Amino acid sequence: MTPSAPAGPILVINPNSSTGVTQGLEAALAPYALPGGPAFECIDIPASPATISSSEDVARAGLALADVARSRPDASAFIIACFSDPGLELLRSIVSQPVLGIQESGILTAMARADRFGIIALSERSVARHLLRIRQMGVLDRMAGEIGLSGVSALDAGTCDRVLVETLEAGRALVRQGAGAIVLGCAGFAPRRRRIEAELGVPVIDPVQAAAVIALGAVIA
Amino acid sequence: MTPSAPAGPILVINPNSSTGVTQGLEAALAPYALPGGPAFECIDIPASPATISSSEDVARAGLALADVARSRPDASAFIIACFSDPGLELLRSIVSQPVLGIQESGILTAMARADRFGIIALSERSVARHLLRIRQMGVLDRMAGEIGLSGVSALDAGTCDRVLVETLEAGRALVRQGAGAIVLGCAGFAPRRRRIEAELGVPVIDPVQAAAVIALGAVIA
Amino acid sequence: MTPSAPAGPILVINPNSSTGVTQGLEAALAPYALPGGPAFECIDIPASPATISSSEDVARAGLALADVARSRPDASAFIIACFSDPGLELLRSIVSQPVLGIQESGILTAMARADRFGIIALSERSVARHLLRIRQMGVLDRMAGEIGLSGVSALDAGTCDRVLVETLEAGRALVRQGAGAIVLGCAGFAPRRRRIEAELGVPVIDPVQAAAVIALGAVIA
Amino acid sequence: MTPSAPAGPILVINPNSSTGVTQGLEAALAPYALPGGPAFECIDIPASPATISSSEDVARAGLALADVARSRPDASAFIIACFSDPGLELLRSIVSQPVLGIQESGILTAMARADRFGIIALSERSVARHLLRIRQMGVLDRMAGEIGLSGVSALDAGTCDRVLVETLEAGRALVRQGAGAIVLGCAGFAPRRRRIEAELGVPVIDPVQAAAVIALGAVIA
Amino acid sequence: MTPSAPAGPILVINPNSSTGVTQGLEAALAPYALPGGPAFECIDIPASPATISSSEDVARAGLALADVARSRPDASAFIIACFSDPGLELLRSIVSQPVLGIQESGILTAMARADRFGIIALSERSVARHLLRIRQMGVLDRMAGEIGLSGVSALDAGTCDRVLVETLEAGRALVRQGAGAIVLGCAGFAPRRRRIEAELGVPVIDPVQAAAVIALGAVIA
Amino acid sequence: MTPSAPAGPILVINPNSSTGVTQGLEAALAPYALPGGPAFECIDIPASPATISSSEDVARAGLALADVARSRPDASAFIIACFSDPGLELLRSIVSQPVLGIQESGILTAMARADRFGIIALSERSVARHLLRIRQMGVLDRMAGEIGLSGVSALDAGTCDRVLVETLEAGRALVRQGAGAIVLGCAGFAPRRRRIEAELGVPVIDPVQAAAVIALGAVIA
């Protein structure tokens, strides 16, 4: 990027259809907007389900994300705002801009803050799917554990009080298992990050914010 | 951080005495300063050597960094701007603010951009020391390789044309070895990042910028 | 399976549109048909490209395979006859029958025959994608190497004489690198397996045959 | 194998002296006999103990197996039907036919069916010995756990009702620990495989059947 | 070493100021003194704290050890008698004699005696620091576990009866977790080694003795 | 061991029939004999081949060693003086005394001296067998490489000048590959250790001496 050319937006794609989640992302990323720097443009995919939870949701989300990415040559970077990182390798293979997955970015950022990380997932059934990715990332020896909540929607993750209680319990259990930093395993958790961090006493990573600042580093220099 | 209280500066500590390197850091980080956000305050340690290269330099730097960190309760975060991450665990044990090492931050950021990373070090003798850290980080399976330059100073890394040529050669060799992203293995490389990235055609990570944006994510929410 | 109920066919899905490859699969699997046991029914997907080579091909193949699998409740097992194992986790999440990927089956079978395996891929650009899977499988320490051919189609892999020469060269190089068994990295290689094995002097694994016999073991007891 | 020459038998060597176990193997493998293909010839070693359980049993079994293998140039493949894989490397070094160990074959087949495997061993004291092999195989990251039964004979594993109850309990515990497929850790379990699979609801691997079909794939093409 | 030149002493440096610990070391090493061989000279560092327990203690100890090592060109080898191995790489970089750390020597010796090791640390807060070293050593897959005592001084580790009771409890728990050999995680445990070994029934490794005999092997030939 | 009871000999069993090798062991271990401590009693097995080189030699050696160990309840420890560690787990399962293998002891001692080790084997065909053990030991990430000589006997390893030249070449190649310590991969190298160490400039480990001093540490306290 040359100083004279304003960078295009960092496109943050929430691959579900929950506009409430998208609004939460906008609020969570607003503080990171650099003056004269790229905007964080948050969008969702109306034809998608409200929460990406099954393997089929993940597979379809990947292709939907590819269509979006191809249609936005103006974007300076893409953030896949779903914790399963749908379509990450696919997007990297078809566009030249930086592409960040929030699972990868969240876990790697936790690893920059403490030796071992824990993950809080929306449901128990995501845990085995995440394990595949973590082994693929080659960072299994840094994981203290992952705990799935009782099957929570992406929207409720950031807005429902009962879910907050459940999230804090999971976080405390992970700290007892040795986690020195906690990764919130869904884009929807963003509104709760600070509160959870204050309660747990260890770094708590919102994976979308984690990806957002890495995107800034990729785009600006 | 509450919105009403301005965050203290993110203290970027160059543990050598090269003010030229420190100035390079200031220039490299200026684009990341958020309006109303924490400043990046870059300092060096005048009593230190011009380049941290020996194991003893690293050990002494760790303790010097601890003294600085303890004296700055106003800082919102600390960045250890030396690629050996001197004193990283030590600082984390004595201050409550986030502490980031640039080797960790640089490598983890490269891992957020591509599957395998390569590192360019100032000299061949740093390579074995870095290997110890990379194995400790548990990310050895993601490393494509590391190449040491011919014994270069931190200042020359970012300013000397001959060193730039050598750096590009090392970068091309690492890409041939399978590196999908390159980590610049010294805080002094910052002025060259964009140029090297343009030449190599893969993401090139300046480790101080990598740590800086992770620090933003830690401090602001 | 009770002895009285004949098992439905083992559906071998070639997710490309090359009927020549499908015919090669039928010939390769014919010798494994047990009397009274499940047939190997080999099909292709006419709407697909002739070779699955890009990440997008892989992603689209996964969803196409899911549609096929869902439409065949009569099948006793599914074999995904593409070396990128498209849709493997997806199919396992939506059908109750055994689902086998030929990359996994081929590599694991090689590991049952010798300590270290080598892979021959159709093109160099598949190698990095395969590496992601092999790390995910957690068997990286058993790999001696992978060599990509010069960008070969699935059909040519089993039929073109020039490709055979290239394949033997790659196989010999892998044996020199320590491979004690060679995995043929495409469903299309099947017609060449015995010839390559005879020339190399080490076990050579056709991944579709490998999956086929594991499927027999899953279905029959 | 040329089509014109009938392949010699696949020799399945039960290295203990329990003819009851050998008969169970014959029954378990009968369904896999291809018309015109190699027979599964199951033998035991009358001079051996009834169950291979100590390290010394394993060492002696290895040499006894070597003598058998050398005396059978007519065999097309050898299966070592003892879960400690006695003499596996030894046999491979002295005969040119394929040699399969049932521990390796069973574990690798489980890995072809699910991400993480569990093992049910005859006794607790075998668990540490198996761990050595699993680390040697380089697949430790795929193991969910191993549970040893209360010191059961190879024959009872497949015939005793009390042992079946114990086996099902161990299987359910392994599933709770995350095992997606269960490996039966003795050649004697064969008569119980289907029943255990039906009860546990996950793939259950009889290691001799696993080796048998891999042997078919090795011999026939 | 030529036979005619008597080797200088093996300098065993206790980097805390507890002379009681140093006396314990002398007693523990006396039986290993070879006639005409190097003496074990045990010293402490009076300006240090009584127990090395914080990360800062470790960092300062490393530099103090470097000063001692540089001042003793007559020594034939150095043993760093603190379980955090302070200054290990540093000393190796500045002196030409063999340098041994007791954590490394103790763990590696345990690995020469049994497949999996357990560690008893003075306090729970050392456990995470040790984990970093064990991952750096690349031997994590051999660790059965580590248990921290209730915050014990180096001197009490070898002299206090209540601590002995606590130590035996920790040892028994580690054996139940699968440890086949136990490493005593402090130089101060030496007076208790034989007693603990007799009670636990598995090899118990005093790390200073472990380093001492490896030093003999390095110096004498 | 109580001070009043003299410890029985440390039995060093050379499982080949080369008395010349046994004499070399006696000479190599003589300097480690403690006054009043256990003697190093070196024996060979006359019925064995002159060099243990095939997998069958290794298997037979294991059982022969078991017979010897069982017949010597007076021994205070056993050292298996063959680099393939024949019978190591077997002996540990049948006698209560400490049992050390020289491959394990040699590699672990090298790891106590430097970050990465290299091995010099008698022949190229031993290298794959050693790799199995090193992966089983879980220390693969510490290995810089292994080089096999041109098929050398155990006796020639320590006595033949041409072999010394070849050994030094292999050692220099391993140092260039990053080895910081070299393990001599046969009991027969003992007479050459000091000379090789002087030439290479890095620690050179004779594996029998390595096991001998670990045995001292096990027996004496």
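When the chains are written out, they are named A, B, C, D, E and F in that same order, and each has its own residue count from 1.
Please note the rule applied: contacts are C-beta pairs under 8 Å (C-beta built on N, C-alpha and C of every residue); 3 or more make two chains touch, one makes a residue touch a chain.
Because the structure is a prediction, the values reported are computed rather than measured.
A.B. asks: Name, by label, each chain that touches both members of the pair chain B and chain F.
C.D. replies: C, E
A.B. asks: So which chains are sitting against chain C and chain F at once?
C.D. replies: Intersection of chain C and chain F contact lists gives B, D.
A.B. asks: Pick the pair with more C-beta contacts: B-E or D-E?
C.D. replies: B-E
A.B. asks: Computing the C-alpha centre of each chain, which chain sits at the greatest distance from chain F?
C.D. replies: Farthest by centroid: A.
A.B. asks: Which chain has its C-alpha centroid farthest away from the centroid of chain D?
C.D. replies: The most distant chain relative to chain D turns out to be B.
A.B. asks: Which one of B-F, B-E or C-F makes the same contacts as D-F, at least in over half of the residue pairs?
C.D. replies: The pair repeating the interface of D-F is B-E.
A.B. asks: Counting only Cα atoms for the centres, state how far chain A is from chain E in Å.
C.D. replies: 44
A.B. asks: How far is the middle of chain C from the middle of chain E, if each middle is the mean of its Cα atoms, in Å?
C.D. replies: Centre-to-centre distance between chain C and chain E: 53 Å.
A.B. asks: With chain centres defined as C-alpha means, what is the inter-centre distance between chain C and chain D in Å?
C.D. replies: Chain centres of chain C and chain D, defined by C-alpha means, are spaced 25 Å apart.
A.B. asks: For chain B, give me the residues that contact two or more of the other chains.
C.D. replies: As it turns out, chain B has residues touching two or more other chains at 132, 135, 138, 140-141.
A.B. asks: So which chains end up touching which?
C.D. replies: Those chain pairs satisfying the definition are A-B, A-C, A-D, A-E, B-C, B-E, B-F, C-D, C-F, D-E, D-F, E-F.
A.B. asks: Under the touch definition given earlier, write down the residues of chain A that touch chain D in their complex.
C.D. replies: Per the stated touch rule, the residues are 128, 131-132, 135, 140.
A.B. asks: Using the touch rule from the top, collect the residues of chain F that touch chain B in their complex.
C.D. replies: On the chain F side, the touching residues are 115, 141, 178, 180.
A.B. asks: Mind listing the chain E positions that touch chain B in their complex?
C.D. replies: Spelled out, the residues of chain E in touch with chain B are 54-56, 58-60, 62-63, 66, 87, 89-90, 92-94, 129, 132-133, 135-136, 138.
A.B. asks: Could you please specify the touching residues of chain E with respect to chain F in the complex?
C.D. replies: 28, 31-35, 37, 98, 100-101, 104-105, 108-109, 111-113, 137-142, 193-194, 197, 203, 205-206, 209-214, 216-218, 220-221
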